[in-house]
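Below is one structure. I have some questions about it.
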């Protein structure tokens, strides 16, 4: 992994930073300059890798990594030609190494691209960074060191607190509120109208129900690319502090997602549903509207949650059931064709 | 719900507009200025709420709403400290109230942001509103009072009739046609190439099949955020009048969606499939290609529609079956593990 | 299908180009100028259509097409009033006709819209076409005749080779690499952060795991609209040569998609999963993370692939099973309610 932003270190410098013990012939230690991190398979000379999961141990003999972060007790194969950096928790040490090599790019202080279009009544903090072709509507407020990448469009009265990042082409409809330290990835749309229509019984046509609420995103939230979070019909659609959403997720009007809940890609949550705190929702799950989940609920991939989940635990299937119940049904299904042959009507 | 656009009313003014009967001590009526609408739970002083569904009646005692739209016969709890506005149909009255408080923003007449880039041969009606950084290609036509929000990009020969709204960053490929009174939400892409390739049998590679049709959107259509409606290979992909699409919906090449059909989020419709009129399709449904549904068909969430549906009615499951049949199967499945224990092979 | 870009031909000219045999009274041949292609149903006077699938033969009697590409042996109904163009393979001939009528628009050589914002250190080939409001970051390189449509945003150090096309509002995060002859449709986001977080066991909150890898797209790849391909945590997320992706597809960090694999809309692939070559994946399929498929694997719509697929073949269901096995289960399920009635516990 080469990067124009990567730092370089000697083995000794990295070992000191990680509080790791060097284990290698001294000539190897002297010869190496470390320029980045990589996986065991892809690492090239000058790169650091790690071994945390024993499943990957067979890759050590052939890795080209110059340094390898391993457990205190690890015994390396003869063929490994690099330097071992021994530590109690190799994975954590490696994560710290990543941050040493690829420090967050120093935030510009007060960068403002001349092409940005900022309404007169908007208040943009002097330390905020505003990219090319950004459009900021009337009455918006942008906090300290918040960054709007190229092409971000804020309708009127959008409020974003400090240290948040909106990536390219994010759109916030009017009255969207975003807290501090949150990250919204490219192409995500916050605050589009909820899907609310009254059916005209005579001809099956629809009259639009005004969607006059907004979207409120808390602090330390991360939302992936090309998601859609709709504004409330009335009141607010709320994404609470610490929530993490993957890509292409749909959140309908008046949904509330509780603190520190994480949701994988392509899941959809229908109107007015309320997820508890610390839920763990896998990909392509669907929730019907107007239901609630408890705290600490896990829902497995492609499940369809059709009613309240009042007890914490793991759920699976369509309709979603306790995990073991669904597994028993899936196992039974495999036997069903044979069973019917043995018990013909 | 505060909004810079909200109108304010006295109780009497609102009651007159709604043709509702005021029921409260006169000092309460005099004291209140109404500044917005909200739910029973979230309403604060100065806001109007409503009670239509008896399920929410317990919230009336503690609501902070200053006025409550209720049924003629409703008996309020002692604890309620606001004003009752009595009417025959509280929900309808409330919807009207929403429109009184949050009138559609007066459409600018002929707003044109100086950053907009409009090709010389394009014809933009003088009353159309063109936002910041909009790009309009050659031979496009934009009708009366149609609004293009910031960052909308129209390729060449796109035609949009009157009173339609394209939200920020919508993209229309060449030859897209949009009728009157339609709304397209942010990030939606109309007219990208259909997914058409001829496989080269020798090596499994693909040759692109030219996609030379277009997309035609009717009148009074609403399409949610980040949807994708592909151009036809030949002819047109058609979204007929009055259709409502939620977010993140995929419509493949040559699909036709019949009048007044509504489709919830994350549903996908494969190539050349034709949905009838007044279909009601829930979220995360998939339709295979080259099939058709009758008028007045309802499909429940996460269903997989694998063949024609010739009769109106409700369908569910993968593959989609008549609703009751799928329910019987789902109920049977719950008994299956136990059944197999009692009837071992 | 009218198009400002369509070429016009006489019957004789088109027959010569297609190497087809004209079969019609000579006055019909002389009278016709051909101006475009269309389906049997939608064709109007002056348009060419074709008959390859016998299922559509009943439409020939009423088509308005002036010319019809048919098989050498085809017998037309009396009512058909146009010209037959006879050939061995009508479908292939028709595809070639499409390309004659709608040649790819001549690529501009070196078009550069004055509104484009190009960083000083970026290297854009003189023959590349750069649309309105495009933003190109530092150290980017753009190859020969590559086209960036309006609103494309490239972060720093993005590299795109020759003859590729990025449609409107595509976003590439830093270090994204795209090969030659590839097409990326509007609104797609390449290189957003992978969904990687370490859970803090005490309170269920998350710490972001740095995502310092990138996305590498090969040659002759086509990616649909509003897809999301995440950057690797370490190393690269790779879309190999010749891969075709439909719309709204999610590809997570460190996924590898093998050569000439095609994937339909709304499918999602979880982190570190590796698809083989020439896989054919239908719509709305989900793959869990850290698994692999063999070459030449087909997965049917809405399947959930939960473990490695080591053998080529067709798979279906959740969890995905060999196609016939899933079909037997689906058939059994239909009998299950009745079976349980006959064998009560």
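First chain written, first letter: the chains are A, B and C, and each begins at residue 1.
Just so we're on the same page, contacts are C-beta pairs under 8 Å (C-beta built on N, C-alpha and C of every residue); 3 or more make two chains touch, one makes a residue touch a chain.
Keep in mind that what you see is a predicted model, and the values were worked out from it rather than measured.
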Chain contact graph, described as a line, ring, star, complete graph or other shape: complete
Residue-number overlap at the chain A/chain C interface, same or different (half cut): different
Chain A onto chain B, rotation angle from CA fit, given as a multiple of 5 degrees: 120
Distance between chain centroids, defined by C-alpha means - chain A, chain C (Å): 27
Residues of chain A engaged with two or more neighbouring chains: 133, 151, 169, 187, 226, 248, 266, 284, 302, 333, 336, 343
Of all residues in chain C, those that touch chain A in their complex: 117, 133, 135, 139, 151, 153, 155-157, 169, 171, 173, 175, 187, 189, 192-193, 195, 197-198, 203-206, 208-210, 212-214, 226-228, 230, 234-236, 248, 250, 252, 266, 268, 270, 284, 286, 288, 302, 304, 318-319, 321, 325, 328-329, 331-333, 335-336, 338-339, 342-343
Chain B partner contacts - residues on chain C that touch it in the complex: 1, 3-4, 37-39, 41-42, 95, 98-99, 101-102, 113, 115, 131-133, 149-151, 167-169, 183, 185-187, 220, 222, 224-226, 242, 244, 246-248, 260, 262, 264-266, 277-278, 283-284, 296, 301-302, 330, 333-334, 336-337, 340, 343, 345
